[in-house]
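There are two complexes below, and they share chain A, which is joined by chain B in the first and by chain C in the second.
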Partner chain A sequence: MFFKSKPDKILFISLLPFSLTSLALIVYIALTLGWEAREAFLRFGVKLFTENVWRVSEIPEYESYGLLSPLVGSIYVSITSVLIALPLSISLAFTSAEFLPKNLSKIVSHLTDVMGGVPTVIYGLWGSLFLAPVLRDVFMIPLNRYLWFIPLFSCTPLTGHSILTASVVLAVASVPYMTSLVREGLAMIPFKYKEALYSIGAMRYEYFKVLTGMLKPYIVAATLLGFSRVLGETTIVALTIGNSLKISLCVFEPGSTIPSLIANQFESAGLYKYALPTLFAGSLVLLLICLTLTYVGIQITYKWRESML
Partner chain B sequence: MSELRYLRLRKLKNALMLTLMLTLAFLTFLPLLLIIGSITLEGIKVLLKAGVSFFASLPPKPTDVSLGGIAPALIGSLISSSIALSIAASIAFISAFLTTEFPNNVISRVVEVVFRSFSGIPSLAVGMFVYSTVVVFMRTQSLIAGAVALSIVGMPYAYVYFTSALRSIPEEYREAAMSLGMSRLKALRYVYLGISRKYLLSGLLITFAKIIGDTAPLLFTIGFVTNAYFMGLDKPSNALPLLIFIYALSPYEIYHSVALGAAFILLVTLIALFEIAHAVVKEVRL
Partner chain C sequence: MSRYVIEISNLTVSIKGKEILKKVDLEVPYNSIYVIMGPSGSGKSTLLRVINRLIELIPDARVQGIVKVFNIDVFDMDPYELRRHVVMVSQEPNPFPHLNIFDNVALPARLNGVVKSKNDLHELVRWALEKVMLWDEVKDRLKAYPHTLSGGQRQRLCLARALAIKPKVLLLDEPTANIDPENTLKIEESLKSLKDELTIVMVTHMPHQAARIADYVAFIYGGSVVEKGVAREVFMRPRNEVTNRFLRGAI
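Moving on, here comes the complex of A and B:
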């Protein structure tokens, strides 16, 4: 570290404590969650993530917890919702950035941005009160009636609050974010490539194909970032998934994710010796996964941006 | 004639794919409109039924006939978000200033990466962290604990907007300030702030919007008070998104109505914040 002048050095050092709060906070958060979770790790070990039990008891020896179901649920829900959101986001980003007339594209992208700022609790409320009953009546019941032999659709839908509903609402909520990422990437592709494509007579679809090819790393990054965001999402899932600890492949069945389990059990968990540490263990795992995904996603976007310059 | 056939094939493929993409884009766009539409419609119904007292009364009991109001949540949200914004914005601004002024320093790079990854922390984990530090320490859930949780969540957003505001200052201005012999702090005060103030303001507004709408960090930190308006910074309170969340989970019809009314108010506030932020930046001409 060298500075051009002494005032520079003094300024840098005096700004440093504030700037390092971020780093200190991340470490402190991880350590705190780990410390709170220590009893669960010591008592249950690996079984915490390989067993599916939630047995509370006044007597600590009888308590037994395993987070397998919410862990599987988290990954299952996140994968389905990203799978739904990704193609939709790419087509919305392309349509609004390249194919629509300028006025219309402005309106669409502005509205998408605004929707990206709408709190997730509003998506959750909408999903729970409006979408869940509609999805059940027009989508789940017919699918179950005619395609019951496919394991995904094999169970009878009850209230409409299910893994499918949660995935759909999560997908809708992450579309604005992922769309803006893809659009950001598109805007960064130098204009000369776009001109070159049109000058050799590429059609719109071919143009789209070539640009997506160039965008590939960026799309991977957008997927990772979207996945991380969906994985940590609490409110939407807790409001729409129905909160049950059963493990099932069927998407019409209610389920749970780690955040929804925490949101539901945290208040009562304080009554038992090992319940609270178990929840902290779940959140620590979540934190580590989300941080890693975000870090990798952001590094990819940086690398890609440099390659475009 | 195979070339012509090939062209036709290309045209067909092009038309098919374009139709598919447009349909998908429309299908994606539809739910966004539906959400705004249905929340607005149902929200206005609730507001009409409850009247002005929706802003000024306490929430109802499950057996009540009248809808009551959401005053504790409004007050709690406003206070906690304002405190959170001032904490988050000051830390983020100092960090943003550091990383833009000393971009090639190792520490600046670390700070940059950490802040960018920070948004990956699930806000629920932040809530649990604040619970086991602030709440346990104070022995009660409180407005201030909620504000601390919100400030941690808001920090990375403020940082991203502030850095892009400071980095948007043209290099000539920076050089001119330096050649006049200004120190970096003076340059910030007399040159940078003036040039980037609109970007900074819009960043501030968007961070505020992020903070005021977040539920998860408040779940275990701010409490859920429905029988008092305001009891002090160190006492439990309530918040708008939290009220919507908890009432939406409850089985009572009347709570669903209150949640819809509150959601409409929150939605209008946020859209207003975004529109102002957008309008402010659009005026910038450099």
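Moving on, here comes the complex of A and C:
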């Protein structure tokens, strides 16, 4: 083979099983999900993703499931939360990397890194018990009262547990991750371009403007990666979204996502013939979306890095 | 008014406690090409970066002494204002990869608000590209990106970008170190033609290049100015033995 020395060969061969295991595992997981979901696919077909029902029954013929609402909810919540998290992350990354004095910048970046280690259940509890009522009182009620004609704000009753609440908490939880992504991107811009900007007299805000332009593809990638992360987040959503199967444009309405549906229904789903396969079908779709987004995101990052050289 | 656009006196710079420049005195007359030559690591680039205060981007750099541009101490000036009058071109070509050829040259002018109309901007870009003899090579593909250009063309693009700010002083940090002889000659031609409009301070480690274009030279060695003066005199009759050895290529 391509090894000249014996130790190299031995090292490679002994590492092989471990590396292959990790790679094989993801394929294996996808296959298991598909296998477990087969009954739902066979029984409901495409309707599994185009209809919005969750009717359980002891008698299998009466069972009917359609994942449209959690699917739409997943995408809606993820988009909203990424839209909230992105400007926060870009500002935080820029401020800590380029504007703050070195010592302070270190403290800020350590803090954001530590924030990333906070268990999501804590964000979820905080969102559910503290943020939801606050958002309802200071944000949802006034907006609903004065801007009721905008469909985004038009729904009642306002319980606080809603798509918006879930999105905000998800955004808070994903800011550390996305900030570190953007910061990494900034650090990857070679110094020669930063020097070029200063040596033609660019001021800080112009510097910010040009670097953001340069970072654009990378920010798209970071958005996709953040999106795929948020899409899979379970605890936060299950605790804050209100868990309803309604499909609505209104962000004050409770909703559900595929992970939150799984978390909520998993225990009872075993009692019915088609409920569990349906949940597996949902998780398979989730897996495929997340893998695709991550792949595309990473590809963009690589391409961008090459263009920077 | 002083005869000199740049006056440096008693300048000492240390980075992380190590002295890079020692008690440097230098005077650059208006509308001349002043070449600072010396072997690698002699502190030439650092000297340039003090003049436009880019030295401040280097952590742990300490600057002592007086550096005046247009008779004003640079450390009393707004650094951004200073860098718009005293523009620098680096050794490695660094056009912005996400902007096309036109936008690269137009960027500083857009930032500065030098031009008012679209037409003026186009004229300015054309003027700058013509000055560096790049216009004929790129006029049909102004929308192309810099990675489609050769290294030498890219460096001329950077020079054009610097010129589009209409600076009064141009600092050049070994602008031809990484490019072929043909492009080097083109850049040197451009520089000679620019002398009427601005003052050029160029750093190089190649004595031949200094001999070709300099009006004045300073020879820096180990962080100190060993010899300086009118180029012709320094090249014909170097007073210092070290200068002599450098000019003969022995250092």
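Going forward, the second predicted complex is superposed on the first by the 302 of 309 C-alpha atoms of A that agree within 3 Å, B and C clash if a C-alpha of one lies under 4 Å from a C-alpha of the other, contacts with A are read in each partner's own complex, and residues count from 1 in each chain.
The rule is simple: a contact is a pair of C-beta atoms (placed from the backbone, for glycine too) under 8 Å apart; a residue touches a chain by one contact, two chains touch by 3 or more.
What you see is a predicted model, and the numbers here were worked out from it, not measured in a lab.
More chain A residues lie in contact with B than with the other chain of the pair chain B and chain C. Once the two complexes are laid over each other on the shared chain, residue contacts for A:214 go to chain C alone; chain B is not touched. Applying the stated contact rule after C-alpha superposition, one finds that A:206 touches each of chain B and chain C. Within the superposed three-chain model, A:124 lies in touch with chain B and out of touch with chain C [touch as defined at top].
Judged by the touch definition given at the top, the superposed model places A:271 against neither chain B nor chain C. Look at A:234: by the touch rule set out above, it reaches chain B but stays clear of chain C.
In the superposition on chain A, contact of A:89 is made with chain B only, not with chain C.
In the superposed pair of complexes, A:196 makes contact with chain C only, with no contact to chain B. Of the two partner chains placed by the overlay, neither chain B nor chain C lies in contact with A:150.
In the superposition on chain A, chain A positions 203, 206 are in contact with chain B in one complex as well as with chain C in the other. Of all residues in chain A, only 102, 190, 192-196, 198-203, 206, 210, 213-214, 216, 307-308 touch chain C in the complex they form.
Those residues of chain B that touch chain A in the shared complex are 10-11, 13-14, 17-18, 20-22, 24-25, 27-29, 31-36, 38-39, 90-91, 94-95, 97-99, 101-102, 105-108, 110-111, 113-126, 128-129, 132-133, 152, 155-156, 159, 183-185, 206, 209-210, 212-216, 219-220, 241, 244-245, 248-249, 256, 259-260, 263, 266-267, 270-271, 273-275, 278.
Within the complex, the chain C residues that touch chain A are 52, 54, 57, 59, 80-85, 87-90, 92, 94, 96-99, 107-108, 111-112, 147, 158, 161-162, 165, 171. Those residues of chain A lying in contact with chain B across their complex are 1, 7-8, 11-12, 15-16, 18-23, 25-26, 28-29, 32-33, 36, 87-89, 91-92, 94-96, 99, 108, 110-115, 117-126, 128-130, 172, 175-176, 179, 203-206, 208, 225, 228-229, 231-235, 238-239, 259, 262-263, 266-267, 279-280, 283-284, 286-287, 290-291, 293-295, 298.
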